[in-house]
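Common to both upcoming complexes is subunit A, partnered first by subunit B, then by subunit C.
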Partner chain A sequence: MATTALSRAPESVAPALPLRRRGIAALGALVLAGAACLALGEVGGAGVLSLGTTLFAYVALAQAWNILGGFSGQMSLGVGAFVGTSAYTMALTMTRLGWSWLPGMVAGMAVAGSLSALLAFPLLRLKGDYFAVGTLAATLALDAWFDNWSFVNKSMGVSVPIQAVPGQTEMYVIGLVVALFAVGSAIVMRWSTFGVRLLAIREDDLAARLLGVNVSGYRLVVMVVSGMLIGLAGGVFALSLVSFVPDGMFAMSWTIEALVMVVIGGMGTVIGPIVGAVAVYYGITTELANFPTLSLFFEGGLLLVIVRFVPGGLWPFVVRTARRSLEWCGTAIRSARATRPPSS
Partner chain B sequence: MNATTLVNGALEGGLYALVALGLSLVFGVLRLINLAHGVLVIGAAYAALELFELFRLGPFAALPIVIVVAAVFGYLLQRLMLTNLLLKGPEAGIVGTFGLAVLGEAAFAAAFTSNGVSLQSSLATSSFKIGGVTLEMVLVTACAIAVACAGALQFGLKRTRAGSVLRAAAKDPSTAELMGINVRLVFALTVALAAALAAVGGVLYGVSTGFAPTSDTSLLLIAVAVVVVGGVGNITGTLVAGLAMGLVQAISVSVFGGGYADFTVYVLFFVVLIARPKGLFGQGAL
Partner chain C sequence: MSVMTVRRATRVIFAGSLFALLAAGIGTITAASSGASTRASTRSITIGASLPLTGPLGGLGSDQEIGYRAEVNDVNRAGGIKIGGSKYKINLTILNNASTATTASNQARALVTRDGAIALLGGATPTISVPQADVATLLHVPFVTTNNPDDAFGSANAKGWKYAWDVFFKEETQAKTVAKWANVCPSNKKVALFNDTEKDGTFERPLYEAAVKADGDRVVGTYTFPPPTTTFSSFITSAKAAGAQIVIGQMLPTAGIALVKQMKSLGFHPDVVILAKAANAENWWKGLGSLATGSGMELTWSPAAHYPGTPQILKTWGKKLSVDTLASAVPDFGAAQVLLQAISRAGSTSAAKVNAAIAKTNGMFAVGHVKFLKNHTAVTRYLVGQWTHGKVVQVYPPVPGVKTECPMAGLR
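What follows is the complex of A and B.
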């Protein structure tokens, strides 16, 4: 597979710092950003808290998709499978076993991760288009199964016990921690030898294999990590939605949202999915909350427009433009200095 | 489970084969699973519905118009969109066709509401008996059309000059280009032909089963499963696999009940994808 404009991460072109130091710098920046978000939650009102919680869950969702689709090049259309299993695990452990939200969320993450590992065995043998369609089929199968499974109330759905749902401020912090965890995982994967090997697999899996990279092992790890992170995000969504049905939690809309956010922001970058999540969440999801058809229309259209005209996504485009204009300014200043007559 | 269920199931499989033929063609030539194929099929059914509402044209009177519209749409789709995406790599093709599918579903829901509809035709309700088996007329028609389309496609690909040009472009686009074949034109005409086949399948599906804006996903998955079982680009294989798929679905519905109809299709799809990614009948004409 040739290196393509869509799949190339701009950071991979010329790292200014050694790999590990870049990673540590990025983690430091992440901690600062997390502290800033926490402070914002302290001063902000109820609106900030509830918007922020959902936004953080979307950041985690987008980043989890990006780790699988952007870093290792496996385009998943099955985000709903992991959101759904995690949300259902959480609701069932909380209602039937009387667990509180934290063990419930961890259980949800674990089950989503296990599902990921289970699906990895058949799916990782498939490449490209087949992988995408396989994940799509897995999600639809789970949706159809839960719709008919009396253990989970069929299509009537389940709910998280309302008295066990944490308050708004706690939800904000939970969402923030989940988002930081997802972005942190992306940073660790991106700026490490692990990440470099992943890039090698994405660009040419045969060459990577011949160089001694354990291709299936790496793909399995990435798929499980991505599934677990989606599971965490699904737990946050479950807590904020309280009650839900199979068609909602195993829906294609999770995949669409994650894919739109990542593609708009910049697939295969760390910042891109965050930028995309913020842009899509404020620009489309909240604006068009009452017009689901219109918002789907926009999201589908955006996917087409971005992939056709700005294939790398907005963030790399912004970075490139900023760098170019800085260079242009530098050149202009230097040439102005050179042509200025000596003052003395 | 009686003979009528099984026979009609297999006949419905002819419809699946018809839907899968276009997908198989695009997959074989462009090496792309067109995730918007289901939307093309459903779109044709909606176009027929619109023609009925505007001009009172029955589904079969509307079919030629729908086929032409679909073919033009397919040609433009390839020219304006897919060529560019395919040059960027497989990820762009997946994102682009998926985006198109999302856009299509939303557009159908906006224009025609998300309720299920079906195309009215006297064919839909008529049936006849052979022995003790009641055959639904619309399924017999669909199956006959599927066999005719598959036969024509097989003949066209194997025995005509256009067919050999198409096969050359599919096998090795750059060499074909050097031999003076206009590969971009051939690819665009391939997508146009696939869209036309999807249109035939869509109108028949609309008459026999009915459809909603979100019907495209299950149609897409059934079609992919049929293509995988039959072998990519293998026309005869696709036809046989389609019939088999319809039969298996009919059996599973009568064993597990209607609620699990979708579930069995997806599980079957999964099993097929894992067990035989190269198809039971191997690579075909393309």
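What follows is the complex of A and C.
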């Protein structure tokens, strides 16, 4: 499959350390970051807890999109399909079956994963732009179906039972666990032979197939994993929003948010979507909450600047700049030593 | 220095400048807005409202802002709200949810957790208000809203609302009043119903059917559609073929404007048209122009209703705002009155005490008498207005000296 410049993160292709060691190191760093976030939640007030919960859900959403779009090169415009399906599954199991939020969320994730597997059969026959359009069409079809389906209350929407929604601290922890799970999945995928094969498929699927990689199988797995992770994030959003309608949960805005976060942060990297989620949700959306039009303007402006000048995204740019600076410093020190007159 | 190096340096400088500009823009706006809230925070309380200031409900949301701000400004001009012997200025924080339910829910949460709002005022229509009411219930923060028909709002929480309250009319009254007004004009008594599938539209459709049948009319077409729909040609053709001369409906303003324009272009000229929610704001006239002449509009306030404070409202706002804007803004003014008076009566900003004070509300406000029922709704009157030359006049219940103009001139 032909890939665009956006989908390539040059430094992510050739790791300097062996895969397993890099993966373990990254997972260790993730555990430390999780502990730090947990501590922040302990000392932070209601504002930090609320902000953190949504931010973590966006990190999971962006990471899930990145696994599909950044790692395997399949540009999906169907994030809303999985957010919506999972949120509705959660709300319906909680209201109709009396389940608590945890089995409801697991059910949401499972249904989103199943939907993903179901959609994979027709969609994986499509390539490039056609795949993207196919995912968009599936989302629009689901939105229209839910808008007219009596079982899900049509366009009047559904609600999660308020008394079953966890408190703010618990929601923060749930959001954090979901984000850690999504980032952990990305690390495991990225720094494993599975991930290397995925990158090979992204760069040239024909070459990968000739080398014996089961291209369809890998794409199916990655699509299901991405769908399940989006489903998990959708569960957190459902608990935060409490009541929702099809037009909100199957909206195109979920895809746009995830895509913008990943492109700004760095597509095909593990850290990039986290950086992007923080930059977009915390740096723009929250800071400009009183000015929604300006918020969109700045989001679009930042996206244009990134695409034009730093097409790999912010995180690869930071890493590259830091590496070059270190190299420049090393060269400068070496040349200074070389030109220094020998001491007596 | 090579040409390539110069080009690269120029690119880096340009990209850096753009980044800096974006960051500076965000920083300046954030600093300006936080500065404003810091200034207001000295001996003040914060009330939050997430309103649909843009999007399909933009017209209603803008009128809501006028109503809420007017009451808060009145109280602040009088020295602030008296709570437990001290006076506090009210800092009203209004956010724009762009008519999106998910944003409305997120903003309601942010207003409480980030901005420290002790109570919330709601947005228009159940689609926006119910998610906000859920958040208020979850966070145990009093929430007073309007522009939500009572039964649609009251039944939205199966377990019953605890912290959410709504001041508006009942759907049944609405249906009966509309059916009676429709029969003021001579027609063949054939009715076409157009309702979207939002909570209030779904609630209203069977009530409209029952009400028009009770008045001896015949429903010749019932058309339902999801809220974003703006293409009605097949419905209009069907209603025209069935010979409908009365069109009654409930839908978003964007849908209503599209419907009337398409009726005109398809040569469908009913004698009576009233599209609840769609025709409720100034945007109706802006969107349709003279095409709107003769169409009906639902009102919860009108100068002819002679509610308390009407002369004061007309004196203060009458020169600046049209009657249709006032008709839409005064209910919000009334809802804000209910909340602020309850806070004052509670003598505390404690959510439980304010909530208990709201429950005990029983008195006259700008929208008439307010007393909450068990389902946390307070019933206001339902009046029908008619658009004539860009202005709205109350036509039902009848007002001395005012006659309903029949047939609807805009479509002729």
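The rule is short, and it goes like this: the second predicted complex is superposed on the first by the 312 of 344 C-alpha atoms of A that agree within 3 Å, B and C clash if a C-alpha of one lies under 4 Å from a C-alpha of the other, contacts with A are read in each partner's own complex, and residues count from 1 in each chain.
We adopt the following convention: a contact is a pair of C-beta atoms (placed from the backbone, for glycine too) under 8 Å apart; a residue touches a chain by one contact, two chains touch by 3 or more.
Just so you know, these numbers come straight off a predicted model, no measurement behind them.
Engineer: Is A:47 touching anything from subunit B or subunit C once the two structures are fitted on A? First, second, both or neither.
Structural biologist: A:47 sits against subunit C, while subunit B stays out of touch.
Engineer: Counting only touches as set out at the top, which of subunit B and subunit C does A:311 meet: first, second, both, neither?
Structural biologist: The answer is first: A:311 touches subunit B but not subunit C.
Engineer: In the superposed arrangement, which partner chain does A:301 touch: subunit B (first), subunit C (second), both, or neither?
Structural biologist: Touch status of A:301: both partners.
Engineer: Which holds for A:293: it touches subunit B only (first), subunit C only (second), both, or neither?
Structural biologist: Both partners, subunit B and subunit C.
Engineer: Touching A:247 in the superposition: subunit B (first), subunit C (second), both, neither?
Structural biologist: second
Engineer: According to the stated criteria, A:73 is in contact with first (subunit B), second (subunit C), both, or neither; which is it?
Structural biologist: It touches subunit B, and subunit C stays clear.
Engineer: Looking at the overlay, does A:256 come into contact with subunit B only (first), subunit C only (second), both, or neither?
Structural biologist: first
Engineer: If we overlay the two complexes on their shared chain A, which of subunit B and subunit C does A:148 touch? Say first, second, both or neither.
Structural biologist: In the superposition, A:148 touches subunit B and subunit C alike.
Engineer: Could you look at A:216 and tell me whether it touches subunit B, subunit C, both or neither (first, second, both, neither)?
Structural biologist: In the superposition, A:216 contacts neither subunit B nor subunit C.
Engineer: Where on subunit A do the contacts with subunit B and the contacts with subunit C coincide?
Structural biologist: Dual-contact residues (subunit A): 144, 147-148, 293-294, 301-302, 308.
Engineer: Considering only the defined contacts, which subunit C positions touch subunit A in the complex?
Structural biologist: These residues of subunit C touch subunit A: 11, 14-15, 18-19, 22, 25-26, 29-30, 33, 54, 95-98, 100-103, 105-107, 109-110, 112-114, 127, 130-131, 134-135, 137-138, 156-159, 196-199, 202, 226-228.
Engineer: Can you list the residues on subunit B that touch subunit A in the complex?
Structural biologist: By the definition above, subunit B touches subunit A via 32-33, 35, 81, 84-85, 88-96, 98-107, 109-110, 114, 217-218, 220-221, 224, 259-260, 262-263, 266-267, 269-270, 273-274, 277.
Engineer: So in the complex, the part of subunit A that touches subunit C is made up of which residues?
Structural biologist: On the subunit A side, the touching residues are 45-47, 49-51, 54, 95, 144, 147-148, 154-157, 159, 161-163, 165, 168, 237, 240-245, 247-249, 251, 283-284, 286-294, 298, 301-302, 305, 308-310.
Engineer: Help me check something: in the complex, which residues belonging to subunit A touch subunit B?
Structural biologist: For subunit A paired with subunit B, touching residues are 1-2, 4-7, 69, 73, 75, 77, 122, 125-126, 128-130, 132-134, 136-138, 140-141, 144-145, 147-148, 252, 256, 259, 263, 267, 293-294, 296-297, 299-304, 307-308, 311.
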